[in-house]
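Each of the two complexes below includes subunit A, the first together with subunit B, the second together with subunit C.
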Partner chain A sequence: MTEQLPIIIILGPLLGAVLAAFTGWFRPRLSHPLVVLGLAISFAAALKLVFIVADAGAQKYWLGGWGEKVVPGQKEPFVVGIQITVDYLNTLLLVAVSGIALLTSVYTRRLVDTELAGRQRYFYALFSLLVTGLLGITITGDIFNLYVFMEIAALSSYALIAYGRGRAYMAAFNYLIMGTMGACLYLLGVGFVFAKTGTLNIDNVSAIIPALLNSGQSQALFVGFVLILLGAWAKMAFFPFHGWLPNAYAHAPTAGAAILAPLATKVAVYTMLRIMVTVYSIEYIIHSPGIQSLALYLSSLAIVIASFFSLTQTNLKKLASYFVLSEIGYMVGGAWLANKPGLTGAMVHVVADAAMTSALFMAIGCIVYRLGQAQLDDLKGVFFKMPVTMAAFVVTMAALIGVPPTCGFFSKWYLIQGAAQAGVWHFVAALLLSSLVKAIILFRIIEIGYNRVPHPAIEGNPAIPRNEAPLSMLIPTVAMALGLIALGLGTSTLVNTIIAKALPAALAP
Partner chain B sequence: METIHSFTPVWIILTSSVAALLVALLGRWPNVRESCIFAAAAIKLGLLLSLAPAVLDGKLYEFEVMELLPNVGLAFRVDALGLMFALVSVSLWIPTTIFSMGFLRPLKRHAQTRFFFFFAIAISSAVGVAFSANLLTLFIFYEALSLSTYPLVTHHQDDDAIKGGRKYLTYLLGTSIALALPAMIIVYQQTGNLDFTNGGVFADGTSTTLLVVLLVMFLFGFAKAGLMPFHAWLPGAMVAPAPVSALLHAVAVVKVGVFSIIRVLTGIFGVDLLANTPSLSTIVCVLAAITLIVASLIALTQDNIKSRLAYSTIGQLSYIILGVGLATKSGIAGAALHIPMHAFGKITLFLCAGAIYQACGAKCISEIHGLGRKLPLTMTAFFIGSLCVIGLPPTGGFVSKWYLLNGSLDSAQQWAFAVFLTSSLLNAAYFLPIVYKAFFATPTDPARLDKTKEPPPLTVVPLFITSAGCVLLFFFSGKLFQFANTFAEMYTPQ
Partner chain C sequence: MEKLITNFNYVIVVILMMIGLWAMLAQKNLIKKCIGMAIFQTGIILFFISIGAKNKAKVPILSKFVVENSSAIIVNDYANPLTQILMLTAIVVGVATLGVGLALAQKIYQQHSSFDEDEILENQRK
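Right after this comes the complex of A and B.
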């Protein structure tokens, strides 16, 4: 049974999506529980696999039994069919994606009932399909198969965003243009790699590439690498390909943003890490210094510009979208530091940021559900109306700022350590600036939401009635916020047992 | 050094957090709520005293809760300095709570439960800083203290409070994130070690430039110590209610800043390194000396009582930093001793300022002419408190300043002797006129004076306790000196 676990991770949400769309015709009420069930199965499988991987190393699975074949003259056995792999690099992200998707699916029910009344089953089918795509990208061991899952995820997210009101169509269209370009660039890059290596399997490609590079045939591989990189950057909204993201997430239905914002960009970052660390090798990254310094400068710029824009926002959802953009800069920069603490930081931050963004958008969703809008000026007295939600919000913002002992502190610690080791001081400055900006925004919100109203406990002041979000939304939000602290305290364990082993052995300590 | 593995330090930190939870739950019954605080403070004090004999013997209590980063954990270690600081904070928590009850209840202040809740959390954080075994643990509690005191600073929730709170966070969070955090990470990246180690963590031959940069980042990064030019948050924080200014902005918060700097200088850099690298020692001494003199001069110009006290605090904190910067045994002992001595003196002054405000609504020195005749108890306490801060016998402040002066003569920075003396004269110049005016000047506003009478016992009793403390510390300074000396001996080369 355990050898089937990797495929169960994908099958859960895939079957959930199909069944939700199908049963929706005659039993609309069944769609939501079916999706939740599929995600729960997927999460359980992913969780079990973490322990298996930590004990026994990478788990490989050949779809349809099309396994390995030994070719005379080749050292490595050649993989004929599609392989899916759970290894040290992706096992934590699988848990994060399926876990966050599970919590979010529970969380979104009330939101969807109000925002998308009558269209619930389509929403849940798309939701589940999106998660299938994201899990597929993360788990696959085949660079073409990765493209297929990338499109599954992208198409369902275009539709999810277009479900929003107002300018959502335009935002979805912009995203579609950028997303399609990114996917095309990626596919083109895969074409170059395939032309030189004759295989799409990641294990095989990574075994063949060093020999090709040594024999001087690096031109085509370099072009392929750059194309794949640009594709991943467009998908993750890395500066300067970021223009589509704030509008897309701000105009998407709140329930859609709650699943897209934490996961979609993080999975794209994972794609980049996968290509950098296992498909190509880290020596390759270190020996292409032109791209390295460019990527680091762009990361710092991404952080600084996103921080600057977040200061000028008046809408909570848009503000949060700019946070997503600056966090992308953290991860890309950390990966391109190409040293041990830098890569560790990037890998920890992929998981940590998925959790932080999820908690942030959940809290914002609760506020929107009760207040109907998310302008900063509308938040007056929100701390009295929704104390529990706002407590979760404050914890989440503390994690984003990097206050210990939340997870944001530790990932940032590794990133700064890596930057100090590499002597990239502009990246250190950008990281610190971003923390400060987020602190300013948190206290601006506290001032508006708490201090700027007459305190209701004083006699003569108007009472502010409690109006907390419904429990089905509140419990996932609080659980996620508490998870940030637990994740922070567990960082050391995760790094020692899993992430340290995902780092390429060739790295200097 | 002998170490004792014990969970007690964690219990000590947790008692006030538990008290905070009980305060939050029992907010509806004020008397029950406040009894929880007294119970917690008493338990805490008892536990602290139970550690004292072994610590004075040169032993250390240690406990590591969990690992956070390779080689760095959430870990506690109780040494003489930490124990002394914790004892001071917790023992002053009791009179301050009595005072808070007397101060907040008659004025029918809102959100008293919130006030006592965050107060207890702040005490937990301060003791957490005192017991930290490494820089990371210290940083965690340092930040917790900044965040938990913000609601206390903005307690009044009016425009002034919001402005003061904004300044408070900008300075404290800003410097700690932008300076102390990267400095700490660079130390970790260079040495792989953040434990406070006798002799410092740096390997021989670390470049002096790097050390200087790190030193400056730490000195300014722990802005709670109020080194100029990062001092402006403290006068801004005076918008807080009087008990907050008294315990937090004369004792817990500001002393945590100085304490962090002492830990960095003795445990990360090491006294050896300071003494043998003239540039390091000089930087510390010069920055502290400038703050010392300038803050005292500014204090002379302040008419608002609390802001004069705030600038006085800024100056007195630099005594401690200067004392450690001297890198001599008596300098360090004097600096350590100045923590409790100044704490008792300054808390008395702040409580008096609160009592004066409560009695007649006066906030400025120009308003209190002749008040001494109406408030003899309060103003006598004020007089004793100012003697202690100036450093005159028979108060504790004399003892610590004595050792500081000794330390400056032993060191390479003998000019510090003149700085200490000049500053003490300035201290006298800004405190004694207040006392003089209160007792002997002609009243400016006789109508107000007629309505004034001595505030209720809940307000006056704490004044009596702390001012008696100032005097007792002079006669029984030996016990405290043992703490300071144990610490100084542990960290200075024999």
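Right after this comes the complex of A and C.
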């Protein structure tokens, strides 16, 4: 049974999506529990696999049993099938994606009932399909298969964003143009790699590439690498390609943004990490210093510009979208530092940031559910009205700023260490600036939400009635915020048992 | 120059992709953007098919007769089936993306009675 676990991770949400769409015809109430069930199965499988991988190393699975064929007269076995792999690099992200999706699916029920009444089953089918695509990107061991899953995730996210209606259509259209361009560039890069290596299997490609580079045939591989990189950057809304993201996430329905914002960009960052660390080796990165310094400058710029724009925002959802943009700069920069603390920081931050963004959008969703909108000026007295939600919100903001013992502190610590070791001081400065800006925004929100109304505890002032979001939304929000602290305390265990082994052995300590 | 003539298929692919990319990024009309997207995808499909093509190659289907009557199958006689299958998938993805794109364009038209990006943004600002 345990050897079937990798495929169960994808099958859970996929079957959930299909069943939710079809049972919705006659039993609309069934679609939500079916999706939750599918995600729960997927999460359980992913959690079990973490322990198996930590004990026994990478788990490989051949779809349909079409594995390696030994051709008579040839030494190397010949790969015919599509492989899915769970190794040290992706096992934690699988748990993060399926876990966050499970919590979010529970969380979104009340929100969807009010925001998208009558269209619930389509929403849940798309939700589950999106998670299928994201899990597929993370788990696959085949670079073309990755493209297909990328498009599954992308198509369902265009539709999810368009559910916001009004301005959301234009935002979704812009995302569609940018996303298709990214996916096409990725596909073109895969074409170059395939033309040189003759295989699409990640293990095989990474075994063949060093020999090709040594024999001087590096031009086509270099072009392929750059195209794949540009594609991944467009997908993750990295600095020059970031224009679509703030509008798309701000105009999407709150329930859709709660699943898109934490996961979609993080999985694209994982794609880049997979290509950099496993497919092309890390030596290749170190030996292409031109791209390295360009990527580092762009990351610093991404962080600085996103921080600057976040200061000028008046809408809470849009503000949070700019936070997503600046966090992408952290991860890309960390990966391109190409040293041990930098890469560790990037890998920890992919998981940590998924959790932080999820908690942030959940808290914002609770506020939107009760207040009806998310303008900063509407937040007057919100700390008295919704104390539990705002406690979770403050913990999340503390994690984004990087206050110990939350997970944001530890990943940022690794990143700063890596940048200092590589001597990239502009990246250190950008990281610190972004923390400062987030602290300013947190205090501005506290000022509006706490100080701009007469304090109700003082006699003679009007009492502010408590009006928390329903429990089905509040419990996931609080659980996610507490999870940030737990993840922070467990960072060293995770790094020692799993992430340290995902780093290439050739890396200087 | 000789290289360009012998590799004319790649030259055409690059021209197609540039037309598509330019239309996607520089055109103001949403439908033209969609058309550009389709052209860009077609360019990539042709690129993949070019990689797998071989001179005077046959369709990559082995009949029972060939397998039983020849001692060794010469790989160079057959076109690479993998690229063709990959592009079947890519065509499906392309059609789906184009469908979603056109559906969104239609919704935008219903709201603003225009496909022009500048006009729509102007309308949204009001």
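The rule we apply is simple: the second predicted complex is superposed on the first by the 499 of 509 C-alpha atoms of A that agree within 3 Å, B and C clash if a C-alpha of one lies under 4 Å from a C-alpha of the other, contacts with A are read in each partner's own complex, and residues count from 1 in each chain.
Everything below uses one rule, namely that a contact is a pair of C-beta atoms (placed from the backbone, for glycine too) under 8 Å apart; a residue touches a chain by one contact, two chains touch by 3 or more.
Everything numeric here is computed off the predicted structure, so don't read it as measured data.
*Asks:* Go through the superposed model and pick first if A:Leu489 touches only subunit B, second if only subunit C, both, or neither.
*Replies:* The first partner, subunit B, only.
*Asks:* Pick one for A:Glu151: touches subunit B only (first), subunit C only (second), both, or neither.
*Replies:* In the superposed model, A:Glu151 contacts subunit C only, not subunit B.
*Asks:* Is A:Phe308 contacted by the first partner subunit B, the second partner subunit C, both or neither?
*Replies:* neither
*Asks:* In the superposed arrangement, does A:Val428 touch subunit B (first), subunit C (second), both or neither?
*Replies:* Only subunit B; A:Val428 stays clear of subunit C.
*Asks:* After lining up the shared chain so the two structures overlap, which partner does A:Phe173 touch, if you call subunit B first and subunit C second: first, second, both or neither?
*Replies:* Second partner only, subunit C.
*Asks:* Would you sort A:Phe51 into first (subunit B), second (subunit C), both or neither based on which partner it touches?
*Replies:* In the superposition, A:Phe51 touches no partner, neither subunit B nor subunit C.
*Asks:* A:Trp66 contacts which: subunit B (first), subunit C (second), both, neither?
*Replies:* Touch status of A:Trp66: no partner.
*Asks:* Once bound in the complex, which stretches of subunit B touch subunit A?
*Replies:* Subunit B reaches subunit A through residues 66-70, 74, 108, 110-111, 136, 139-140, 143, 147, 150, 154, 157, 161-162, 165-166, 169-170, 173-174, 177-178, 181-182, 185-186, 188-189.
*Asks:* Would you pull the subunit A residues touching subunit B in the complex into a rising list?
*Replies:* 341, 398, 401-405, 410, 413, 416-417, 420-421, 428, 432, 435-436, 439-440, 443, 447, 450-452, 455, 457-459, 489, 491-492, 495-496
*Asks:* Taking the complex as given, what residues does subunit C use to touch subunit A?
*Replies:* These residues of subunit C touch subunit A: 17, 21, 24-25, 30, 33, 37, 40-41, 44, 47-48, 51, 82-83, 86, 89-90, 93, 96-97, 100-101, 104-105, 107-108, 111, 120-121, 124.
*Asks:* Which stretch or stretches of subunit A touch subunit C in the complex?
*Replies:* Within the complex, subunit A contacts subunit C at residues 144, 147-148, 151, 154-155, 158-159, 162, 166-167, 169-170, 172-173, 176-177, 180-181, 183-184, 187-188, 191, 194-195, 200.
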